[in-house]
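Reviewing the structure listed below.
Labels run A, B, C and D following the written order; every chain starts at residue 1.
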Amino acid sequence: MSASWLIRRILLIAYTLLVVSLLVFGITQVLPADAAVMLLGENATPAALAAVRAKLGLGDPAWLQYWHWLAALLRGDFGMSMRTGQPVGPTMLVALSRSLLLAALALALMLVFAVPLGLAAALRRGKPIDLAAGIVSYLGVSLPEFVTATLLLLLLADRLHWLPATGYVPLTDNPVDGLRHLGLPVLTVSLVLIAHVSRMVRSETIDVLHSDYIRAARLKGLSPRRVLFGHAVRNALLPVITIVALDVGYLLGGIIVVEEIFAIPGIGRQLIVAIESRDLPAIQAGALIMAATYAIANFLADIAYALLDKRIRYD
Amino acid sequence: MTDVVFRLLRTPQGAMGLVILVLIAAICAIGPDIAPVDPEKIDFLGRFRVPGAAHPFGADQLGRDVLSRLLAGARTTVPMAVAATLLGTLSGAVIGTVSAYLGGRWDEAIMRTIDAVMAIPGLLMALLVVNTLGKGSLNATLAIAVAFAPGMARVTRSVSLAARRQDYVSAAIARGEGGAWIVFREMLPNVVAPVVIETTIRVAFAVALFATLSFLGLGAQPPASDWGLMVAEARPFLHQAPWMLVAPGAAIALTAIGFNLLGDGLRDALNPRDER
Amino acid sequence: MIPILDIDGYTLEYRTRAGAVRVLDEVSLQIAPGQVLGLVGESGSGKSSLAWAVMRHLPGNAQELSGAIRLDGEDLRSMGARQLEAVRGRRIGMVFQDPATSLNPTLSLGRQVAEVLARHRGMSAAAAWQAGIEALRHVDLRDPAALMRRYPHEVSGGEKQRVIIATAFACRPELIIFDEPTTALDVITGARILELFRRLREETGVAGLYISHDLALVSRVAERVAVIRRGQVVEQADARRIFRAPTHDYTRALVQAVPRPERRLVTDGPGGPTVLAARGLGVAYGRARLFGGKPVMGARGVDLELRRGEILGVVGESGSGKSTLARAFSGLARFTGAVVFEGRALASPRQMDRAYRRAVQIVFQHPDASLNPRHRVGALLARPLRLYGGAMAELPRLLEQVRLPPDYARRYPHQLSGGEKQRVAIARAFAAKPALVICDEITAPLDVSVQAAVVELLLELRRRHGTAYLFITHDLSLVRQIAHRIAVMRRGELVDLLSVDALGSEAVHPYTRELIAASPTPVG
Amino acid sequence: MIHLHPTRRGVLAAGAAATMLPWAARAQTAAPKRGGTLRISVDQAVGVLNPLLTRVNPEYLVAELLYSGLTRLAPDMSAEPDLAQSWAGNAELTEWIFKLRPGVTFHDGSACTAKDVVASFTAILDPKTASPGRNNVGPVAQVTAVDDTTVRFTLKAAFADLPVTLAYTNAKIVPAALVASGLERLSRSAVGTGPFKLVSYEPDRQVVVARNDAFYDPARPYVDRVEVVVYPDATAEASALISGDTDLMSAAAASEFARLSSSDGVTALRVPSGQFLNINMGCDKKPFSDVRLRQALALTVDREAMVGFVAQGYGTPGNDTPINPAYRFYEALPLRPAQIAQAKTLLAQAGFPDGIDLTLVASDTPATRTQLGIAVREMAKPAGFRIDVQTMPHATYLDQVWKKGSFYVGFYNMQATADAIFSLLYTSDAAWNETRWNFPEFDRLVDEARVTTDEAKRRTLYGQAQTLMHDQVPSVIPVFFDLLAAQRSYVQGYKLHPRGAVFRLDWVWLGTGAPKRS
């Protein structure tokens, strides 16, 4: 990992954000109806609309609005929400921190289940456990999250009363209650991830188990256990890092639905509300922060990969 | 072509996937005609009717026959998902192939931009597009296509680059073949297989994504009998009439599984060197 | 005396969808203590299956029908998994074909050496590490302590193979199985590995089973040689004798096929006008990137020329730039300097017109890659005819010319054997009626007997059409049989360009001399 | 000058003291217990904190906790004292005097006087503020302070309902100093005179308020703290109440009501309301300018069935007027039955013997708009109506269709008075003249009723107005919704208010069995 690689990688993130900012700004410009209409709702009179539009700066030409927005952005100012009148940046970042907590827990849960499941399926290829894992993962990737979320809610909250149905309690308020409230959303999100990643682990493991060096390790007289855990698992899991980083994109998307259902005030729900209410600064900030999260996650994955896999050298 | 089907049938996943999809295709073709009742006919007394002789899959909140809606809805649900995927694939494939063909700085610039676009989660992209264009199946199709295109561009580019590096392409260049021949006759036939496989699997995602858009109120609009919309409409009545959700949910899952299986089967069947 | 390894009437089949395939048929072999047995066969002969059978590492569809495999009198076949673990690596060591894939890329070399010692000799981790350093030192690796901490991708192929050998010898086994240990290595590196093996053998007196497709090489390392064909051992004899007096027809054909520098296959001299020349040719590789990136040199300052009907051999290790040269000549790489064709100096691939493309044809190393898998043979051959003019009616003749039946035109490449595929590639090159054919390692993936036939075919085509060849290879013995002149490349530069007769003289570059010394020539 | 207290019984009296309110006395069977935390769930974000700008029920709820108005709306839709202790109008009903409660302070400790009332109403009436209250507080021309505790409202026209319309959700009193500085502060913090003070505000998650010890009524509020939590998913929200995570849900979806009713420890709440869905037709343009076409459509609708389809049975049939039994001046006309044959005839007479193709626009919020569209489409089919239902996002609907379109689904909360709903939607000068019906006779009836104080006479006038609407059908009003909610059984003193936008949580207390919440 050379300094020039790092610089290039950071430039790429900047480029990503520039493209995303242009794209999102462009889309927000052509969204039908504007924030003034949504703000005033059924009480909008032309005079009131004009007043609000002037206050929100919606009258300026698009390029000027973009420039003002970008300039403010570089100063760390994302603007004010048209809906609530609160500064968008802090709101979105707080929301992001909640989504990231949800995502991190889901990833952790995914690793706990997906890896053993994938390994077991690979080792017992064609056996009942492999088939069962296959069916589960087909279902996992096929069912939309809102269906899995509903089924889980029905089972774990309504029938068994194991987990609270909805709501969000900050961990700082009450860690136990906070975690319990995250239970259902984390399960929902991780289910899809488990389905996807366990398949990847399975196929990677099968590939690795067929490799020459695993054969060589076996022929050195190492026990099957040692071959598996000393040689195979590590190599099978390395490519999964990249997959997981790419899944962050899915994760952030899937979180949108899950946050809506389980009332997690994360960035996904902020975005839905922002889009519905045409809260342009919030849409722009939210999308940009999501894209930045994705880009940074991939950057970190690259670094992690390089640290764990000695073959990779970035220069 | 026939030998591909033959080989496909010999892989267990391919055979199963094909059977499921042929069934679904048949429903798409004749579903509306064999629907026992008008799928939009409302029936005040029949609301939330439990599955039984009159309604094999029960009735919904307006007393409409779930089975009939399911049969009629196949014609919009599945072709829409396929169309969205094809559209996304096609545009992605064009971008990817062009990028791979141009190479050099152009390739770099295109791919970096594609990477940047991919940083916006697919669902968010779809949400933005649908809100811009207005709701409805057609716009949802476009939105999903837009959400799929960058990923497909990436896949196509990488297989195109792999194909471009093959010696048969070198041989063609050394022979003095024109660009069109190289792209269409040498590269494309070898690029198609992986792209087809990827496309097949993405149809499954598209079905789920459509349903999610419908859940968020942005996909197909009532009174359409689109499966995703049926699931979305059934969700509030889950405690009251679970069959409303079970039938279309199972149909979506089955379709998605069918396409997934077919994709996995094709992966094996479309490998020309794997002749055993 | 009990043989170390005693294979007795061993028969093995693989169950496939098409039915049972017999891989080994009543094979009986003995290796006495301290003896090395060479097992020679072409691809598909069953030689590797035999090694897996000895290691008790057979695929799931294998079925052992009869016979016994005894190690020092103990029947390996009746051993349980636990017992076998104690045999593998401890009593039988194994060295594999490709050192690049046989070492776990994510573990340090030291760990991979030390784990065997810890496993079989019950050493503590620290002691195993120390013993590992000693083991590496013993195989002539420099600074073994530092090497232990490095990863496979950080060392050369030769070093990797030495590490594997050190691992195989670490537990002082009774038997070592070598499965083509030098095939994936450069000639010079391979020769040094063989030397190492010879030395270790002398020191430890270990018995060995040496598997190879290369009869010449085997005859230099083994006392006895067994020739295996389609699962049957057709001849087994003393290494010297098998070369001088092969008894079986197949053995005889194999011996015949081994290239011998002293047996020239081309007798006429080069003549006629210059077909193609390179003037200060250089090629740079590199990827254009949005943010940074710099080019790498593939070849530089190469001057050479080819006359009509001349065979110019180009030798050098992998990465020496010999294939780069081929890519420049066939317009696949941008170059500096000039390619001179029919008196015109061409400065870039763009200037290579149709006449040039027709005159200069290339055949690639792997026919699997160079024949588009989605086109039928007929379509593949028809293309140059369409491009450069020629009647479709020529198709059967083109196939017949490379000794393939005309109905092959309807087949897809994957329905052909490796040798047949390479013939199709050659036929395609000759469909253009070229003045020069660039052969880029075209015999490397082929079995010896097939290789000989392909070379013979090339020479016949040359006789018929007066074609010149730029013959790129790592096989010095082969090139000495057919080339008029030899170009030696090293690190992108042409270090020697001399007549084949001058190879033995004192005036050659030291590197060339090293190459000659490393080339395996059969004993006898 | 007469004193007016417009209750259903039409008692003419000065406003009673707050502690003697009839409803409050009725609701309490045991002595209220003080203390505890009430957790109430709402289904939408509390996006707007500024009480002059609130637009949706959760925002009204929070505004009500933090602010007071001059009057507040009792469950029987009468005005009861809030900051104003008593009021009186002049004989012509063009001028009203409100006497303020003395010694009231804002949350920041400053005194609340007539000056603040004047400033608040000036802001509400200023178009630049864009307060929804501007159209709804009545025909107020000017507000002046007579002295520190007396405010005079001068009206543009005679108006009998002013004390009720002043209880409008946006008519809250804020400090004059904040009005002068531009009201910006009120979008982040709250300075009111309400029963609770703002503790924390997070628009999309939770709003927490704590007891205001300086509230003008020393007895109320009963609970120490209220947490308003935002649960946008109806199923999850109901599950949270059932599991005891919340104490009260402000509104329950019809699809969850049966489940809530049958759950242990949960009391489901239901009250008939004037909330309705309608199909608006542009009466100013073809084809809906033809009354026969409108009548034909009205005749296709099976109203009893519609209650089932759209309200899941939790509602009452509508008779094409916005007034139902929940209003004081309801006129019981015979319910219009579905008569397809007659509808066909009318349609033919209107010039469409072969049927007619129409596009009915429905916004996506709430989803019942679309349900209504689909049901009407099917019901009208046999009569020759071929209706295409087009759903669109609410923002787009507001921007492009609402008040402009000629065939779309409307949705309205109950208003406090008949006049409010008529002059909001159906008179020629209506704030939201959706149908452009512009019927002079109707305008005259409504105007006359507005200045009439005689109860019986008003009833006659409003009855005539309803009959007129029923015959003319400017919009098809097929169904009224019951308001649905649910609470844990230990919650005491909560009564579901038919207006929908009124909650009165200061009357709520926690009985035995309530969980301890910290």
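Everything below uses one rule, namely that a contact is a pair of C-beta atoms (placed from the backbone, for glycine too) under 8 Å apart; a residue touches a chain by one contact, two chains touch by 3 or more.
This one's a predicted model, so the numbers in the text were calculated from it and none came from an experiment.
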**OP:** Report the chain closest to the protein's overall CA mean, measuring from each chain's own CA mean.
**Re:** A
Original post:
B-D versus A-B: which has more C-beta pairs touching?
Top reply: A-B
Subject >> Interchain centroid distance [CA atoms averaged], subunit A/subunit B, Å >> reply: 22
**OP:** Please compute the C-alpha centroid of subunit C, do the same for subunit D, then give the distance between them in whole Å.
**Re:** 87
Original post:
Counting in whole Å, what is the centre-to-centre distance of subunit B and subunit D, each centre being its mean C-alpha position?
Top reply: 46
Original post:
What whole-Å value do you get for the distance between subunit A and subunit C if each is reduced to the mean of its CA atoms?
Top reply: 49
Original post:
What residues in subunit C touch two or more of the other chains?
Top reply: none
**OP:** Scan subunit A for residues touching two or more other chains and write them down.
**Re:** 12, 32, 150, 158, 260
Original post:
Counting only residues that touch at least 2 other chains, which ones in subunit B make the list?
Top reply: 112, 131, 134, 235, 238-239
Subject >> Touch relationships between chains, expressed as pairs >> reply: A-B, A-C, A-D, B-C, B-D
Original post:
What does subunit C use to touch subunit B in their complex?
Top reply: 16-18, 288-290, 327, 330-332, 352-354, 357-358, 360-362, 364-366, 368-375, 383-384, 387, 412, 414-415, 428, 432
Subject >> subunit B to subunit D touching residues, read off their complex >> reply: 40-42, 44, 47, 61-62, 131, 134-135, 217, 221-223, 235-240
Original post:
Tell me, which parts of subunit B touch subunit A in their complex?
Top reply: 112-113, 115-124, 127-129, 131-132, 134, 204-205, 207-209, 211-212, 215-216, 228, 231-232, 235, 238-239, 245, 249, 252-253, 255-257, 260-261
Original post:
Where on subunit D does subunit B make contact in their complex?
Top reply: 234-235, 253, 255-256, 258-259, 302, 305, 308-309, 312, 364, 367, 370-371, 373-375, 377-379, 389-393, 396
**OP:** Over in the complex, which subunit A residues touch subunit D? Could you list them?
**Re:** 32-34, 37-45, 47-48, 51-52, 83-86, 95, 150, 153, 157-158, 161, 164-168, 260-263, 265, 269-270, 273, 276-278
